[in-house]
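Structure first, commentary second.
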Amino acid sequence: MTQYAQTQTTVSEYSELSILQRTDKRDIAYVVYGIVILLMVVCAYLMAIFGWLPHDPEEMQLELMLAGPGAPGHLLGTDFMGRDTLPRLILVIKAYFVPGLMYIAVAILLGGIFGILSGYYGNKYETVVTYITNIIDSFPRLILMLLVVAAFKPDIYYIMMVLGVTNAPLVSQLIKGKISMLRQKNFVESAIALGIPDARIIFKHILWFNCRSYLIIQATLGMGEAILLESALSYLGFGVQEPTPSWGNMVQQGANYLLQGQLWSSTIPAMAIMFTVLGFYLLGDGLNNMLEGKRQS
Amino acid sequence: MMVSRSAKPVVLYLTRELYVTFFLLIGVSLVVFAVLYSAPGDPLAAVFGGQVLSDAQREEMMRNLGISNTWYGQYWSWLVKLFNGDFGTSLRSGQPVLGEVTKLAKNTFYLTFGAMFFSLMIALPIAIYLAKRGTDRLGWVLMMFAYTTSAVPLFWSAYIVIYIYTRFFNTLPIGLATGESMNFTQMMLPVFMLGLGSGIISETVRFLRDEISRVFSEDYVRTARAKGVSVWKHALTEALIIPVSEMIASKIPFVIGGAIIVEQIFNWPGIGRMAWQAAQDRDYPVIMCITLVTALIVRLTSLLQKTLYVIVNPRASQETKTS
Amino acid sequence: MGDAILKVTDLKKHFIQGKGLMSFMQRQTIPAVDGVSFDVNTHETLGLVGESGCGKTTTGKLILKLSQPSSGNIVYDGIDIVPMSNREFRPMRSKIQMIFQDLDAALNPKMRIGQILGETIKIHNKHLDDSAVTARMYELLEMVNLKKNKLSNFPSELSGGEKRRVGIARTLSVNPKFIVADEPTSALDVSIQAQVINLMVDLQKQLGLSYLFITHDLRLMELVSHRVAVMYLGRIVEIGDAKKVAQHPRHPYTEILWSSLHVKQSAAALKVQQHNAKAGAAWDVFDFTEEDKGCRFAPRCPVFAEKGQPQACTQQSPTLQDCASGHKVACHFPL
Amino acid sequence: MNRLKLATFIFIAATVNAVNAEQDRVGGTLGYGEYGRPATIDPITSNDMIALRLTELIFNGLVGINEKQEIVPDLAEKWEVDKEGKNYTFYLRKNAKWHPKGADEPQPFTAEDVVFTFKIMAHPKTITPLKVRYEFIDTVEKIDNYTVKFVLKRPILNALAKFTFKIIPKHGPNNTNYLTREDPFVQRPIGTGPYMLKEVTANQEVVLIANPNYFGAKANIAQFVAKPFADQNIMMQALTFNAIDMIVTVNPRNLPELQGDKRFVLQPYNALSYAFFGYNVRNPMLNDARVRKAFTLAINRDEMLKSFFNGQGTVISGPFAPGSWAYNLDVKPQPFDKAKAAELLKEAGFQAGSDGILEKGGKKLALTLKVPIEKENEAVKRVVLAFKNYLKSVGADVQVSFMEWQAWKESIFAQHDFDIIFASWVFDDSADISSLFHSAEIGAWKNNFGGYTSPEVDGLIVESKLTLDHEKRRTIYRKLHEVLADEAPYTFLWTLTNYSAYHKKVRHVSIHPYKFFPYASSWFISGDESKI
Amino acid sequence: MNNSPLLKIEELRTYFYSRTKQAFIRSVDGVDLEVNKGDTLGIVGESGSGKSVSMLSIMGLIAARPGIITGQVWYQQEQARINLLAGLQDHVQVSKNDGRIMSVEKTDLAWQRRLEKNMLGIRGKEIAMIFQNPKSAMNPFFTIGHQIVENITRHTQYKSRKEAKERALYWLERVKIDSPQLRFYNYPYGLSGGMCQRAMIATALSSEAKLLIADEPTTGLDATIQARIADLLEELRAQTGVTIVLISHDMGVIGRLSNKIAVMYGGRVMESGPAQAVIDHADGKSHPYTEALLKSIPREDNMSSQGHLNSIDGEVLDTINVPRGCRFASRCQRINKSIEKMCLNEEPPLATVSDGHKIRCWHFAGV
């Protein structure tokens, strides 16, 4: 049962609804959820930066290892070293934050360059760009990451760097698609005809006005993926290394005790991953519907 | 401008793509080699494990193993061998690499494609439901399910599944461990886990949902409805065959990546585990071979997908001429 | 009518198909524009007609330097623009403008009308301050009969006619002297079409513009243009005074084009129709592999068929010959 | 813990699971879990512990070691040593037969094979980690079919123990001059041992079956299967769900669970290794022995051992295994004493800075601790993190940096780019510890990675090398122990007790600490589990 | 054979709900039309006048979710007279205020199911439809032949593959496609626009439907091709006797083909009647809107002295805020003081002027 109702008898000078009003409530809920997650991330980042942690993240209580949530003095329990889980969960954000931004920057920068070269300048570079992106696409990215990390350093910056490079083809395809779509609409050509400089067309018209929401969505989805990939690497031993906490290595260290029935120390960070990644997914979906107007009409 | 439709474009296209694939694989091998070479540690690691060797010893060993000291020397000799159909021998086990890899690649192949199939089996109905009915209550539950499966770390959910399984059935769902021949669950559980956890379900659902609703608003689908004939039959190619094949082709690298983890946990003898081992050993013939084989699988899948695209999409056979 | 503001001589654009690594295996040259010459006088409207795919839009884009000609000269106001680089040409863009067939062209879907107009004004008049820009925008809107409140709208909120007006306003914002109008009304309703055409005619008078008016709508062409050039497969087959070309076409192709408009078709046109139905698309009929293999229209030409397929038509490509004061035709056997 | 393999002696007695040998139980299959799988399974090219264990079952040496650590005859029935200690003559047993190669008849074992084995080991093209260990042998000579004579370059102490190396058949490898990994023999070896290789399955399981023609007492268990695992948690689960019968080394984290499980026997054996923190004395701050000693004092080794290893090990004070003849029991491990540590650091000139971190001459006491990554070994993580925490409490800032194994090795041994490392040395059956602390061993890819120099230590090492007298050497070693404990180039931590876990149906299990399986032929599987 | 019209549309309303504007877009707002057997009814109007939407509503091709269709559409099948919109009202609850729909509750799924049920045996079989942009309206993945054969085997007695193919080739010939044998295996992509439209017509007619709805069949094609497609339709109508509803914004095409014309504006029929009567505007005998439309056709005699074309000033009607009075009032040239009040406040009825010629204008209301 769907309800449609006209609010006014005459809609004078279309009271154009704000973006919030015209977006589906569910999408708003997604975005709100995503934003709450994002806010929590930012809060956690600030907390970590200023050291407002509920507990010393490095203090070990060797007699209280792998305690479940609610253990005395430990709201979310402790890890395999008897360290409190909560401040470490918060601290993770700090470890992820800058590298995550770097990953997005690398992906967008590289993908943008590829996309613009092949989409905007077309013929000249397309072959080369296609070749490069095909090479990147041919790698199973976990294997590539494993190689790079095993070879150089199991450092989150390296992980995010590889992730950025391997995500670039996707971004490039997106931008290329957008450009060719705009080209079909003669929009780019008319801008050239009007004497607008290339740089302005590319950056303002294409990237800023037409790709920004795509890129934001891509970035949110990508952040989720980054967290999951880091955790996969952690399982293989090449994720972020102690003493820097990462959700991946927290889950991994806890999972060693999972089969013995000690579920909590891995489940708590795993839940953190789940809620955050889900938040990114839903934020992506909601933003997509909101900004790209993907509602049925 | 117009060419009568025949097998020619497809054949031409395939020839060109295979030719490109060849160069692509060379490129891939160069990248891997560069990464490997610039990494600390050397090929002798595979032979000597934890031992510490002096410089003189290591030089002598390298000479005896026939390994050049320079990167281009090593790469070149590898390449020359490759063109003679020889992938070299594993530094660690001394076995011909190709034989070992293909033996295990078969297992990984079953695992990945099985998982792919499984996740499509889950994602497709959800995507169709969402596209046709929108996000009603059931649709929402289905969507959240699809998203949640992709939002948890694969290894953790695998552990959880094993934990539950062992407590319910009092046996370990791992074929290798329990006996000579695997039973159905032992075969299928890793496949299911990889299918669920490799993160492709959510993306497939998202992509297919949008694709299906887009195609169903196409003019020609409306025409089909106006003709009173089966709409699905008309929309099938563009709404399902093409996006599904695209999805398979583009997600194969992800699933292979996930296979590394599933292979470790479920003790599945595949190339993922081998790659992990070889990466640590700097066993470069093995790594090169594995990356080439996986890149080839990825590439061939995408080639297959593109060929399928050219076959099912008559426009494409024209486009391939220009692009 | 004044002097020629634009002189196009022997303009050629050959597209090469077949790219990528295996391009050597399949390469085909398509002479989309093949030796086109015409000139446009100041304050004049030159109509360019032809079927879709005959190269008229490409010609327009070549003049705008949106693609680089293979050869030939385009002289605008005494300056040959073909050898200019894009950077050198940029200042010239304020002189030559184009109205695109696509209503949404020029309108970035994510920008408000105000932003769209303001941007071009600012780019070409860097010294203007914000209030001057706004004043100029109002002026432009008035020029194209649009309400001021449209400035805050997105293009998707406008109707077809309004979009077209915004497009024209944006074109005018750079003070052009010469405008290539590529089917400016093809996507519009008849009633709106008339509004737009009237607007264009008014603007020509007010601002002293010259138009290259590209269309396939012959009725419109006849009414709006001063002179008409008829294109067929990349070549101009007839050019001359609009009234003359319409009423006394000399080229068989022009004759067919005009006669197809009338309810009762001429015998010749019906013949071509049959011919054409067999022949399929125009570009397939003619063999481009040999240079100058003859008249491109020959395979579809009723005269050619009538005259028993004369040698001249298949061997020699006809050139534009003056047949009456400024009325030129490229046909071995003009009507 | 990564094992830096190093030559040293074996001293530790293997423990025997005292079981009354009731009736002989022949038959059954023992599946045991291995973490990883062997690359090659011949005794010459293999370099991992998994292969070492397998070769124990498949091959024999000239001499063997019994459960009391005495040299006993194996392929050699008896032997003679000349007075100089340079010529060793072995008289071989005549009833030994090689496993059948393919469908061929089993061939007899002769002196040719011994000569062949040595020559192949010594050949420069043979790639084997063993080569360095047998450089003391000059020549080998076949006297007759069942007699061989070895001539040593110089007499060495306890040389006989080194003749435990495994003999391979002359008709085994395809190439008779040298052995490389390409040789099919390395994957399908034949030996003289109680078990012979049946197959390596598609799942990489190595299946061994009892050798019916074995010269010694026939093996009880009909089949040994080595099952490779890539995940220790799963291996553990495999044991608890009876998918395998034995785990060679139980991860410390699983000990509590197994201890409570009546179905399994946990059998301890010494790990033959010791763990340590090694210091880079090139760093001026660490060049001061007081600082290093302070660090040793600042960490609570007992607590760590108890919390992380279930208390299964012994804290040590020097570079020898406790209980060995070289270990100086008089040197007691330093007790945990933070106050004393702080005092020593103060003495060394360190002052607490504004942020609580000690400073000397404006330089902070900030050090990098480099640790190689080992998957699933959180014991390592625990130790280094605890170390970091302990040192923090005395005002030293330690940055822990985990590195991939190869990268770690390169930065420690080649570049010497570290302040502290955490690692462990593994003992095996030969050579000495001189390379660890002698100043001549400083340099790229040499064992004295920390760059520790001490004329006294150098002198003691040289002296010990020159003597052939066991007692004298012992005195020197005890002195060395004392000096090193005081100078603290390492912080010696502990030697661990390893545990093997197996199902209680497996009886009469005795384990060799290093090679694990030498006595496996006397193990048996009881069909009746209730009897224990 | 009774005399009831083949298609009779009564009070057809199609509304869309716009979430952005929180209001109903009244695309079709009470349309009454009759199509007799053998007629060619031309529906003309500007874009947005609801001409296409009304025909799509009849075919049940309106996207289910926000579309609301009310009214009756009577279709005369062989014997029975059936309502194509029967039963739909059961799933929709409409509440009106002042004659305007203010809110709607709709069970989408049931509504859609019912619609599909009604349409079974009608779409394609009884009523066929062709669209503008034939290239996108034909399935790019199937050959022309396949798409025709599919229609034939589904709706006619030619069930076997061979028969159906023969029949398809027959139809391809009928629409004057050259070398039908070859084109049969072509994909829409390989054909020119005109050729594609011919194939589309062949597909539509091949099911031997009684009624053909042609939605802007010539728009977007070259002028020369447009004329030919129009000729073809005329010819086929004469030969097969199919009833055609032709939708176009081009008065030229409509005038050329139709014998009856309906002029739509703002979702309403403004004028309908025999072609001659409607087109004959010389002495103000037709609706002002029709007249304005006819005058804006670019022709020599429609030019003003300043070289201006006649145009209809103002913009197309806003279908959300439909005015109370005559919908065309704001753009009407003929509005004058005497009837201004009426024009602005009350909607004129559809008055019969002469036999079958009805006009919705206060000028004619009194006649």
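The chains carry the letters A, B, C, D and E, assigned in the order they are written, with residues numbered from 1 in each.
Keep this in mind: a residue touches a chain if its C-beta (ideal position, glycine included) is under 8 Å from a C-beta of that chain, and two chains touch if they have at least 3 such contacts.
Note that the structure is a prediction, hence the values are computed from the model and not measured.
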Common touching chains of subunit D and subunit A: B
Pair joined by more contacting C-beta pairs (C-E or B-D): B-D
Between subunit C and subunit D, centroid-to-centroid distance (C-alpha), Å: 87
Mean-CA-position distance for subunit E and subunit B (Å): 52
Chain centre separation in whole Å, for subunit E relative to subunit A (CA means): 49
Cα-centroid distance, subunit D relative to subunit E, in whole angstrom: 90
Multi-chain contact sites of subunit D, meaning residues that touch two or more partners: 233-234, 237, 404, 406-407
Touching two or more other chains - residues of subunit A: 150-152, 236, 255, 258-259, 296
For subunit C, residues contacting two or more additional chains: 19-21, 280-281
Interface residues, subunit A side, partner subunit B - complex: 26, 131, 134-135, 137-144, 146-148, 150-152, 224-225, 228, 231-232, 235-236, 248, 251-252, 255, 258-259, 261, 263, 266-267, 270, 273-274, 277-278, 281-282, 285, 294, 296
Subunit E to subunit A touching residues, read off their complex: 16-24, 63, 65-66, 68, 97-98, 100-108, 320-321
Complex interface listing, subunit B residues touching subunit E: 2, 5, 133-134, 217-220, 222-229, 234, 237-238, 312-315, 318
Partner subunit A, residues of subunit B touching it in the complex: 20, 23-25, 27-28, 31-32, 35-36, 38-40, 134-135, 140, 147-148, 150-156, 159-160, 162-163, 166, 199, 202, 206, 210, 213, 250, 252-254, 256-258, 260-261, 264, 272, 275-276, 279-280, 287, 290-291, 294-295, 298-299, 302
Residues on subunit E engaged by subunit B in the complex (per definition of touch): 59-61, 63, 65, 109, 119-125, 128-129, 131, 133, 136-142, 150-151, 154-155, 185-187, 189-190, 200, 203-204, 207
